[in-house]
Amino acid sequence: MPQRILVIHGPNLNLLGKREPEIYGHQTLDDINRSLQAIAEEHGITLDVFQSNHEGDIVDFIGGNMGSADGIVINPAAYTHTSVAIRDALTMTGLPVIEVHLSNVYQREVFRHHSYISPIATGIIAGLGVHSYTLALEGLLRIIRDV
Amino acid sequence: MPQRILVIHGPNLNLLGKREPEIYGHQTLDDINRSLQAIAEEHGITLDVFQSNHEGDIVDFIGGNMGSADGIVINPAAYTHTSVAIRDALTMTGLPVIEVHLSNVYQREVFRHHSYISPIATGIIAGLGVHSYTLALEGLLRIIRDV
Amino acid sequence: MPQRILVIHGPNLNLLGKREPEIYGHQTLDDINRSLQAIAEEHGITLDVFQSNHEGDIVDFIGGNMGSADGIVINPAAYTHTSVAIRDALTMTGLPVIEVHLSNVYQREVFRHHSYISPIATGIIAGLGVHSYTLALEGLLRIIRDV
Amino acid sequence: MPQRILVIHGPNLNLLGKREPEIYGHQTLDDINRSLQAIAEEHGITLDVFQSNHEGDIVDFIGGNMGSADGIVINPAAYTHTSVAIRDALTMTGLPVIEVHLSNVYQREVFRHHSYISPIATGIIAGLGVHSYTLALEGLLRIIRDV
Amino acid sequence: MPQRILVIHGPNLNLLGKREPEIYGHQTLDDINRSLQAIAEEHGITLDVFQSNHEGDIVDFIGGNMGSADGIVINPAAYTHTSVAIRDALTMTGLPVIEVHLSNVYQREVFRHHSYISPIATGIIAGLGVHSYTLALEGLLRIIRDV
Amino acid sequence: MPQRILVIHGPNLNLLGKREPEIYGHQTLDDINRSLQAIAEEHGITLDVFQSNHEGDIVDFIGGNMGSADGIVINPAAYTHTSVAIRDALTMTGLPVIEVHLSNVYQREVFRHHSYISPIATGIIAGLGVHSYTLALEGLLRIIRDV
Amino acid sequence: MPQRILVIHGPNLNLLGKREPEIYGHQTLDDINRSLQAIAEEHGITLDVFQSNHEGDIVDFIGGNMGSADGIVINPAAYTHTSVAIRDALTMTGLPVIEVHLSNVYQREVFRHHSYISPIATGIIAGLGVHSYTLALEGLLRIIRDV
Amino acid sequence: MPQRILVIHGPNLNLLGKREPEIYGHQTLDDINRSLQAIAEEHGITLDVFQSNHEGDIVDFIGGNMGSADGIVINPAAYTHTSVAIRDALTMTGLPVIEVHLSNVYQREVFRHHSYISPIATGIIAGLGVHSYTLALEGLLRIIRDV
Amino acid sequence: MPQRILVIHGPNLNLLGKREPEIYGHQTLDDINRSLQAIAEEHGITLDVFQSNHEGDIVDFIGGNMGSADGIVINPAAYTHTSVAIRDALTMTGLPVIEVHLSNVYQREVFRHHSYISPIATGIIAGLGVHSYTLALEGLLRIIRDV
Amino acid sequence: MPQRILVIHGPNLNLLGKREPEIYGHQTLDDINRSLQAIAEEHGITLDVFQSNHEGDIVDFIGGNMGSADGIVINPAAYTHTSVAIRDALTMTGLPVIEVHLSNVYQREVFRHHSYISPIATGIIAGLGVHSYTLALEGLLRIIRDV
Amino acid sequence: MPQRILVIHGPNLNLLGKREPEIYGHQTLDDINRSLQAIAEEHGITLDVFQSNHEGDIVDFIGGNMGSADGIVINPAAYTHTSVAIRDALTMTGLPVIEVHLSNVYQREVFRHHSYISPIATGIIAGLGVHSYTLALEGLLRIIRDV
Amino acid sequence: MPQRILVIHGPNLNLLGKREPEIYGHQTLDDINRSLQAIAEEHGITLDVFQSNHEGDIVDFIGGNMGSADGIVINPAAYTHTSVAIRDALTMTGLPVIEVHLSNVYQREVFRHHSYISPIATGIIAGLGVHSYTLALEGLLRIIRDV
């Protein structure tokens, strides 16, 4: 059975490519998902992609899929800075988690410099735009392979 | 086509007028909406009124209506102090936003002195009870007219 | 008419007993609810038990049931540290509230030492595992009886 | 006898419209006062308008007029952040006070995020340019009428 | 041989029921001790009750009895916030400790929000008045029984 | 030649006895000055009494009288917390200074707990109402006599 | 029956006049007590003087004498900065309390700038050496007389 | 027409050379002004020298002269640390400003390490005594010449 | 001419693989460099690899090579948290910089959570062990290609 | 007459060697005292050894013996972090004081990183277990000899 | 023998005029040194100019030349904010030190507002570009001449 | 083969005995090294003594000698407060480390109260002048012998 990776996009990422391209770039979420799907196919793994603006939905999704997944790529977006619930859900999975940010959060408002997710993530990739996602998936696969 | 303003009421405001009148006054949310509607009719604009206790619903509503609106009046209530997601959604609209508070938040607990919304709002009106809302709508209309 | 107590379980508690037993113990949420139900029957009261991973759902539940309840036992879990909306909803009920934590939050991360709920709760019970819940219900009943 | 409102303009506002229009707009203090006067006439009230760069003068003015006034609209400008004396004078009047700011202070330097006046004001209006003043006067009149 | 529990009352608790009943209630320390004794007899255990206004006496008492006790219920009162010595003594016993507070310390001065004892206690019960003590003893017995 | 003491009253103290008697009491500034004058006559010294709402006036007064005075009693009122200029003027006199407060500043807002004057004063008397002044003058005379 | 005042001297004050005269002056505790006794005789009141290096003894003394006293003069010395227990005991008496310091604590280490006693004291007198005590007793008598 | 420089001396500088020479040196303000005048003459420019103990006077002076000046040398003295009004006035001029301090403020009290003026000044010169002023004027002239 | 990338290893990384493998893994710096070299060859670019324990050497290296390089991969190790000089050197190059950390710095001491480099880096990759380096190089190449 | 050194052991040190040997080691207080006694005899000096769990007792002991001692070795244990009274007593002796800690306090809880004693001690020795004591005594003797 | 001044340029200043001219201007370090040399010749003094990117080299240079120098002009650049070693070396020289900054550090990142050097410098000159250096040298010469 | 101890002296210690003797005493580094050598010979061990003003050199020295040493005595001087690189190097050795300071750092500037080295050192000795070194070496030998 192929390995299965959860890809989670946080709030407002459904608007990607449509607003504030000087911060987030011009690619849409579909573009990103296609790039990730291409990598997945190349490695023979399954992706389960999920986007929500609801903290509770993301917690539900993590809790509901933890038994059948091998790793998580998550861009928690705004919830990076405010959600202990998502942190707790991720911790409970016991899975390797890569936290992704399109922009370099350290060049933005001070409150974006703190992440509730980072201390419980395996790795963090930020500031590389869409490449943050593709590098995260590639890195997660290398880590799973290493274990 | 008439201008269209989003009016957003945050969590627990559905209970307005029923609880803690010494802080929030005796008027209900329906009373407020009726006052706003009267102003709207007077100016020949359309109001799109929304109340939710769910952060994600508010984010959905903002993101889903940004293309067809000309301005936003929002009382983020408790989410004023905890929601980066609503802030990000508001920022993405590129619309003028007036932040409203019924009570004077500076006379309440210290954590209510900080707003995630204020730095990205156009204007802030607080402490005037129901008049905070009506002044906000009137002010928003004057700003839209100025541009 | 029998007294009615709301029992509210916050995010990720649906996974109780399945993950991180070294922190939260081996009992499931059903086990806890059964223990609470036994106490309720012994005292001839009604329990209304609710679990959700959604902050907004918990706010809805509190607001929607405040008129028909006599007290609240709540384990806000992750929302303890991040939800002003649940705090406001609890305050609006005017009911006695007992805040419950399975683990001793003071032995965990610093951000778990702060609770938005404690200042508006009647009492706090933490660190006694499942007994935190049963003692909370027993304590709430004694307080209601005292009044 | 008609109601009487004190309108107080703090330091450097005499230069309004002549400097830094990107922050404060192009209207002069006279323009603002004319707009306020028009509202006053419409409502049949008297305005007593005062501008000073001297903290002590503003304290003198408040203390000297408190007995004959029904409310205060004040833009404390720089003294917002540094004057306990003006705060104390305003508190002593026991009158409703609306604090006004032309610009959104939360988009400027951090020291402008703190106001000595806000905790003792009735209401606060900021960021709406000249409309901050007119809305403040209209709001103050509605509040006086409500009492 | 019956199990033996140490019950420790900190400074000024000898005055309980005589002063500030709006904070601490009307029951005296003797009333509390009688309630605890009743529970002890019901469970066939021995209580060793101690009150002192002296930090050093409490340290002496803990150190002198640690070998012959099975658990500790302590209301450290003012020493909650200032005594590292009592914390160290409690830690050295290796016994389960329940920290008790009559009032909800989070509704009082900020310095009462910090406890030197909580991080080394097994559990904490606060805000339930005299019931804080009885629930603490019952909870301690359940914990000892669980082990 | 008789000794000469400067008595300085800070901003808003001209309103004493007319406003907020629950904080400042019912006596007027004239009442206080009469009490001080009585003590002065009893000891055969001269008082030079000054009140101003203007920081600059107080600085002028201190600088202009330093050569001819033997000590200073000052109630800096609001300028206690905001005036480095008055502090510097007082320091430059090299005279004994007693800082006076009618109310107990530690029972009021946090910003009133800090005084720019205290570190350069000889002594501080607060919270005894009008007696703060009379004790300050008596204390100052004892200190001058001690030297 | 004559009024009775408790005079409490905190830790190390037994060494007064023998050590560090540049901070505390040359007078001994006996000298101070004699000065206070003279004032007491003049006013026909009784003094109950107590010195201890033990926090618990001071708490015992306050609790044990509260019923028969009319006011308290206390120099808490080092316990000013560390004792919540003495604060709580003083609060429980419901008596007027004057806090005394020989030296100006604001000219010493930063930790001496904070007092647990000041917020619950009636008045504070500091920096006037032995006169701090005599003024405190005189002030306390005036306050008792005012009531 | 010759260039015109405003030279502004803040509070208490009228006493220069008369008090605390160990901090500020023995030269008087007249001495300083003579030195500056000599430089001005040498360069064929006009100086407009102003000293005041009044924050409002300094704001008036800056606002009233901004149109006819080419640069400002200011020693804000105590107002360095407390005046946003002077900062705002200086900013509004749009002129090059050199902030001057006679003493090295970093060797004095912590509150003197923060300047409201520095972030809006062109340059800062401190600690060189009277030379701070002469270097400031020379530096200002070089900067004006560079532009 | 092939593109040229600077790869910079900070202090103590020469000991990699020999010490604390539970934090840094078992691979040596040579292993890492070989992996990076393989990627470089695959993409037809040149790597210039440099390791030093000397902050000044790293500053020299960056300044000396900025003209001939197209991007920088740097693991600043301990200097991440203490070197403004390296930050300034990197900024001056104007080149894309990827900051690399082998371990997840957010799971280590608090002082490791702050990086002087992140705010001026293009992207950050941490916690993926040796893969942090290879992903950084791959990411840098994609970014250079995007421009 | 032989030199006399006070050796003071703070709270809970009577339990040394019986509890938490992983922090404090296996040696008892008697073992330590014997080691110190051996050094004392070797150097022909007298030791006066004292242990107490009571802050007040330690203050009494220091004050009562200051006249007849030549130096102090003190392990203040928990009172290191909470006792200003012991600090003041030590300061008053004017004797050289060596502060001793068995464990490395910087590897323990943050509140143990602050010592009220260190700023008034001559020297500090920590983390060397029982050797902390013997080195402290040897160091103290060398210092006394140097003077 | 002519007086001898050390001129020390910190890290990255070798790149001056080549990078980020909007912050540092267009002049190179050679230009600055030539300007300084001209002043030196005019006054008949010797300059010993040194630039290094190595903290240790700067410490070596200061320590190695302290005996033969009469004053120091130093632009510590990045080491301003991070080097205690350079501060200690400068202090040890006992020479007058003028700290120089080309840019106004108060208009840049917050970490640049703190200088380890300022509290031990004689004077500070910042924000005047190359003139900061020339004024510093002229000021230093005046100070040496004053002594 | 004899045991081998590294003795490391940080920046500016080469100037010891030549500058600021009121802080560091009159003995030179050679004097200290001779005292240490005498102890080494007495115990039949080898010392490897190193002084540098360069952080990188100290890191090099530690890394280069870790395999052949049995313990380290280090006075990091200024690098105590600023060097994570030396901390990391010391940690990597896995050797017992004694941190030495000649002066009592707690009587000096606040920034000297924090040490990057203490949390990873075995023991700390400060304030005993040259004896800090000799006691450190003796203590280190006792610890090595204990293991």
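Here the chain labels run A, B, C, D, E, F, G, H, I, J, K and L in written order, and each chain numbers its own residues starting at 1.
As a convention for this text, a contact is a pair of C-beta atoms (placed from the backbone, for glycine too) under 8 Å apart; a residue touches a chain by one contact, two chains touch by 3 or more.
Owing to the predicted nature of the structure, the values given are computational and were not obtained by experimental measurement.
Asks: Give the fewest steps needed to get from chain C to chain K, where each step moves from one chain to a chain it touches.
Replies: 3
Asks: Can you tell me which pair among D-F, D-H or J-L shares over half of its residue-numbered contact pairs with B-D?
Replies: Match found for B-D within D-F, D-H or J-L: J-L.
Asks: I'd like the Å distance between the centres of chain B and chain F, where a centre is the mean of that chain's Cα atoms.
Replies: 48
Asks: Mind checking the centre-to-centre distance between chain A and chain C? Centres are C-alpha means, answer in whole Å.
Replies: For chain A versus chain C, the centre distance works out to 31 Å.
Asks: So how far apart, in whole Å, are chain B and chain K when each is placed at the average of its C-alpha atoms?
Replies: 55
Asks: Where does chain A touch two or more other chains at once, residue-wise?
Replies: Residues 54-57, 82, 119.
Asks: Looking at the whole structure, which two-chain pairs count as touching?
Replies: Once each pair is checked, the touching ones are A-B, A-C, A-I, B-C, B-D, C-E, D-F, D-H, E-G, E-J, F-G, F-H, G-J, H-K, I-K, I-L, J-L, K-L.
Asks: Touching chain F in the complex: which residues of chain D?
Replies: Those residues of chain D that touch chain F are 54-57, 59-60, 63, 66, 82-85, 87-89, 91-94, 116, 119.
Asks: Help me check something: in the complex, which residues belonging to chain D touch chain H?
Replies: 10-12, 14-15, 19-20, 52-57, 77-79, 81-82, 109, 111-112
Asks: Name, in rising order, each residue of chain E that touches chain C in their complex.
Replies: Checking each residue of chain E against chain C gives 98, 104, 106-107, 115, 118-119, 121-129, 131-132, 135, 138-139, 142-143, 146.
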